[in-house]
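For reference, chains read A, B, C and D in written order, and residue numbers begin at 1 within each chain.
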């Protein structure tokens, strides 16, 4: 392969370092499948700044991962298409840039950690190769230098005997170690933003904690922005600064992490919190959310959550879709009846 | 198809010519040889020894060996080659005198021992030489054969034959010997021109395996290198050859092709100077394309549809006649073979002395007569008629046309059984297990019409596959053998032919036609009506065309 | 896919595990899902022009095979050598062949044996291959050893060598000579099956080996499913996809194989009419009478093409991963 | 690894014995049902019984069990095995030895297999190269853009190749390419002979031992090329959706590298298996291809042996083919472990 070696710090024309690290505005993504058009993301907006961790939380299929892929520019097209909105990195709308410019943003500026490291790492190459590849292709390093850097990275993510393990294949690592490799890979080129897509879902609980604290530590040290995508309310509590709750391709609630736990403003958030088993409620019936997430090819009119909602009224079943009502600065909810939900008067 | 009738013998003209040909071999000095290399299409030979040959072998053997007699290129008459004379008082004991100036390629002299030892070797049963039966008429042949020892209990070691040499072969001196036959046979000298009777060098008898790969012959050409199996054989002019004609080309390359279509394709691509036998389906095209460069001549191969007389359905003469009458031979030849054959008018080759055009009244297409005869015979009772042929040789098409004709004119439906490979097919025939008409062919052993009668139709005939037996015919054959002269004999054989075409034990179909093509570079093309193309006499316009 | 995946198939294992596309409702009553898999596929297929074209062609050709008299009033066995090798005309749409038979009726009547051989052979090969491959992969041990060695044996025998030798033996049974049209067809199909099942069995064995340790199989096993239930309800639907591909390809191959065997003198024999005998019997005349070869090829090639394209479309429609 | 190979080699024994017996049995039944194949050597004319008997005995076809229908002739099989054990594979009906290993080095010990094998190896290499390069390339291109015109044209052209019987293909090529186009080339002075007579010659030529095998090799390779292309297409298509391919994209690698390194390497694993196995498949194709193009290789000899019904040649060639197949299989499995580090043989 005749890759052009790229200079040390590829820069993107028009970047303003004063602009927010990442702003997503009215992003719309749809999947044109044979079963019909699935509206996976229907106008999502949020922003992340350096040193900050934003958690995006929601059930399976709510569009979290698609958002991440859209930001990274690795959405499978077809079937996925971005049909509207902007993704601004330091003020530059990435969607308007060429494929080549976007490619250089990946890993250099924005990196991503995938959920299942076993399948996300190429099974036929050593982890050393896969790490060194980044340095060789983006920094023009030799194989030997690349390998040296790979060992340093493995050390950084606290993999014991890194020098030996660099020549191992992914399947020879344990789940936690593999996820560390994945983290090492994402950090290799010092990105400004890290997107962690369910980084701990596939791991044992004890390992989960180790990985999360490693991630948090690295993020703090490097002052990276981080988007943490998860469905696990427990995971975010310690790590995230702010939380966005997603449902059926929309953000239904935005709030700082403390407020979410203390006083959810959307029936869906509330239901999610109630479905976490809690020691203090031992012996009681666990509140599960009734029903299923909607089929994205046939999203119900009005609020998408209405068929499952405890607070549902007739107004919820007809358009317009509830907007994100700003409750107070930093907190907003897409429920007509947020007051009732919060128990405010 | 080439190589499909491997042990084909193609020998000599009439017996009368023999005596006249006493001693007329002296050579007038040849004009300087034309030189160059001619490239000839051939196919893989069975062997390059006189004991084990087939038609592709013979093509090569005739350039590197020379026999006692040969056939004149102009008229096919038998003339002496190595023999000084072959004479007999009683047609039973023949005295062969040899010329003394011929040598094998390794320097050995060609003498009486070369013939006697060679013939004994071929005839000796345990040597398993397929040409052994050619010596069967010599006294003592059966002593060289071992009894078949295998009983029901399992294979056993064959006992040694009683003798290793035939008592009928006696050396007189280095250059003369006598041959004693079990029965008088006036035509015997004509048979010795056949490649099975070629002499053997001592070195060759000592190492037959090696000699098969690198033959040591005594002919006008000698092998260059050795036989490249499935690829080719190259022969070059033998400077020590004592014969009259020194051979025209410097070199003859026989290129081996497995399929006639491939060989012909290579000829069309300009890779060959001579291709003998244009594929039937391409005959018409070739005729238009090559015109003058295609040589055509009637051939002696006889194709017939045998009728299994051992099957009740074919016992009635009128049924057999009806079947024969209901075949439109010419239409089949035109449609399937583009006119490449001559419809049979009897069972004897048109090239042969004694041939009578129109001898076979039952061979003319006459649907009405056929229908009437079948009705007289009480109609056809055998259900579907099964037509047999061996697989993969292209016989199914014309047999199908024959069947279509019967279906149309006689209302007899048919099916083809054309999936047996040749060995199985022949074995089926030998075991008399054909359930319906079957295709077979016949080539003459020698150029005397007897060869078309006795083996095929006499009760004890070696190749009587229809099971025909007619005492009248057997008597005629005996009378012919006892005839005073050849001319008398021919009359008897013609009467025998009349019986055959009346009784129709086989349905005569047609005689072949050679269609040999040559490249533009060929100047003189020489054809011997007994052996076919004479490669050694071909000259080229530009001898240096091929490096 | 990093999206959470529905693997909840253990409750109804007959369903191919649905890997939901992003946002497509992954749960729901399993019965409905099973039905929707097929109804989705059907909806999908009737909108696919390539599938429709292929199926139409297959239907046309099948109607030739089933009811040849619907297509032509001429009898392919009525031949008159006097009208040999006529070019296509109003009287003879496809001309006449070397023996003066109407070539159009040959083309129509030739469909039945050709299609029958291909269908019987493909069915047989698939059934035997799937069952034996499944047994070998599932049970392992001596069953696997035995079946694998037999597979090796047949695999290493060149196909034509095996076919010619076996046909040489089988044809002694007189099955190839019958008043019925089907016995020779069956014999050729059986030989193709004998030599062909190993390919499918091999693929099946591999698929089963990899499927048998998948979670949902282990789950079913832990729920006490019987061996046969495990094999045919849990593993089979997941291991069958590559078999379908091979089967559609080989179906075409068998139509051609019939022609090749005939060419070598071992397949169907004239006067039986099949596309194979039409091609093999007239290839010699190709130079001068091109239509004699082009017409049967012109039927055979699109037929094979249709089967393969239809098979592909079907597979794609049934493959949830492609949704 | 070593133990694994030894175990596999031991497995060869039953397979080879089984195949030998299968072929022994089939040819034996063939002879029992149809009679002595040596009879065919004499064509339409019937030979003297003594001569036929002498030849039959010389060629070891005189075992009385060959006359008893259905008898498996175990005695004869044992004899053959003993002979084969001593590397004596018998002769064809013309007394040419079937196999003599010395024939590889010394013309004096030439045998059918040692003569034929070099041609078949050459033509196989050509066919294999074509199949691997062209098949993988077009399969890859088609797999990258499924449902697009290239995908369909690849699909349709591969199906064409599958559905047209080999002999038709061979004969068409011989007519239009080597004859018509070849003759045109041969009419041009400036075209070197190695092209006009070698590559575009109608048949194999000794003068151009490699060039004149190219077209037969292409015809041979085309048969499995279709399968390879389709398999590559499917495999690439599936791997394109694999998580690690997405990772590679997320790493900011170029499209070329994502496809060429990360997708292809994984997609080639099943393709490599198929390629290895297709070497065995070439032998079937070679029977027809070599006959049409007059290549004096193993396929040609097999065809001849089938039609002449020569059991010794069939058994000899099959033994060789089985071994070639088994070794190729073993190599493929070992290659598998090289390509896919997750596989370990114990």
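Rule of thumb we're sticking to: contacts are C-beta pairs under 8 Å (C-beta built on N, C-alpha and C of every residue); 3 or more make two chains touch, one makes a residue touch a chain.
In UniProt terms, the chains line up like this: A = ABC transporter ATP-binding protein; B = Putative peptide ABC transporter DppA; C = Peptide ABC transporter permease; D = ABC transporter permease.
Everything quoted here is computed from the prediction, not taken from an experiment.
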Problem - Leader among chain pairs (count of C-beta contacts) - result: B-D
Handout entry: Core chain by centroid distance, with centroids computed from Cα atoms only
Key = D
Completion exercise
In whole angstrom, the CA-centroid distance of subunit C from subunit D (ABC transporter permease) equals 24
Practice task
Determine the centre-to-centre distance between subunit B and subunit D (ABC transporter permease), using the mean Cα coordinates as centres, and give it in whole Å.
Solution key: 37
Completion exercise
Per the C-alpha centroid definition, the whole-Å distance linking subunit A and subunit B comes out as 90
Handout entry: Gap in Å, rounded to a whole number, between the CA centres of subunit D (ABC transporter permease) and subunit A
Key = 54
Exercise for the section: Would you please write down the residue numbers of subunit D (ABC transporter permease) that are in contact with two or more other chains? Expected result: 30, 33-34, 171, 175, 241, 243, 246, 306
Handout entry: Numbers and ranges of subunit B residues touching at least 2 other chains
Key = 261, 392, 420-421, 424
Handout entry: Touching two or more other chains - residue numbers and ranges from subunit C
Key = 2, 168, 287
Fill in the blank from the handout: Counting only contacts in the complex, subunit C reaches subunit D (ABC transporter permease) at residues 1-2, 50, 149-150, 152-153, 155-161, 164-166, 168-169, 172, 245, 249, 252-253, 255-257, 259-260, 263, 276, 279-280, 283, 286-287, 293, 297, 300-301, 303-305, 308-309, 312, 321
Problem - Contacting residues of subunit A [partner subunit D (ABC transporter permease), same complex] - result: 1, 3, 69, 72, 74, 76, 99, 103-108, 111-112, 114, 116, 119-125, 133-134, 137-138, 169, 171, 185, 189
Problem - subunit D (ABC transporter permease) residues touching subunit B - in the complex, by the definition given at the top - result: 30, 33-51, 53-55, 57-59, 62-65, 75, 94-96, 107-108, 110, 112, 115-116, 171, 174-175, 178-179, 182-183, 186, 197, 201-203, 205-206, 291-294, 296, 300-301, 303-304, 306-309
Handout entry: Interfacial residue positions of subunit B with respect to subunit C in the complex
Key = 261, 279-282, 284-285, 328, 331-332, 334-336, 384, 386, 391-392, 394, 396-397, 400-401, 403-405, 407-408, 413-421, 424
Completion exercise
Counting only contacts in the complex, subunit B reaches subunit D (ABC transporter permease) at residues 4-8, 46-47, 52, 54, 125-130, 132-133, 136, 142, 145-146, 148, 150-155, 158, 209-210, 212-213, 226, 228-232, 256-259, 261-263, 265-266, 268-271, 392, 420-428, 430-431, 440-443, 455, 462-463, 465
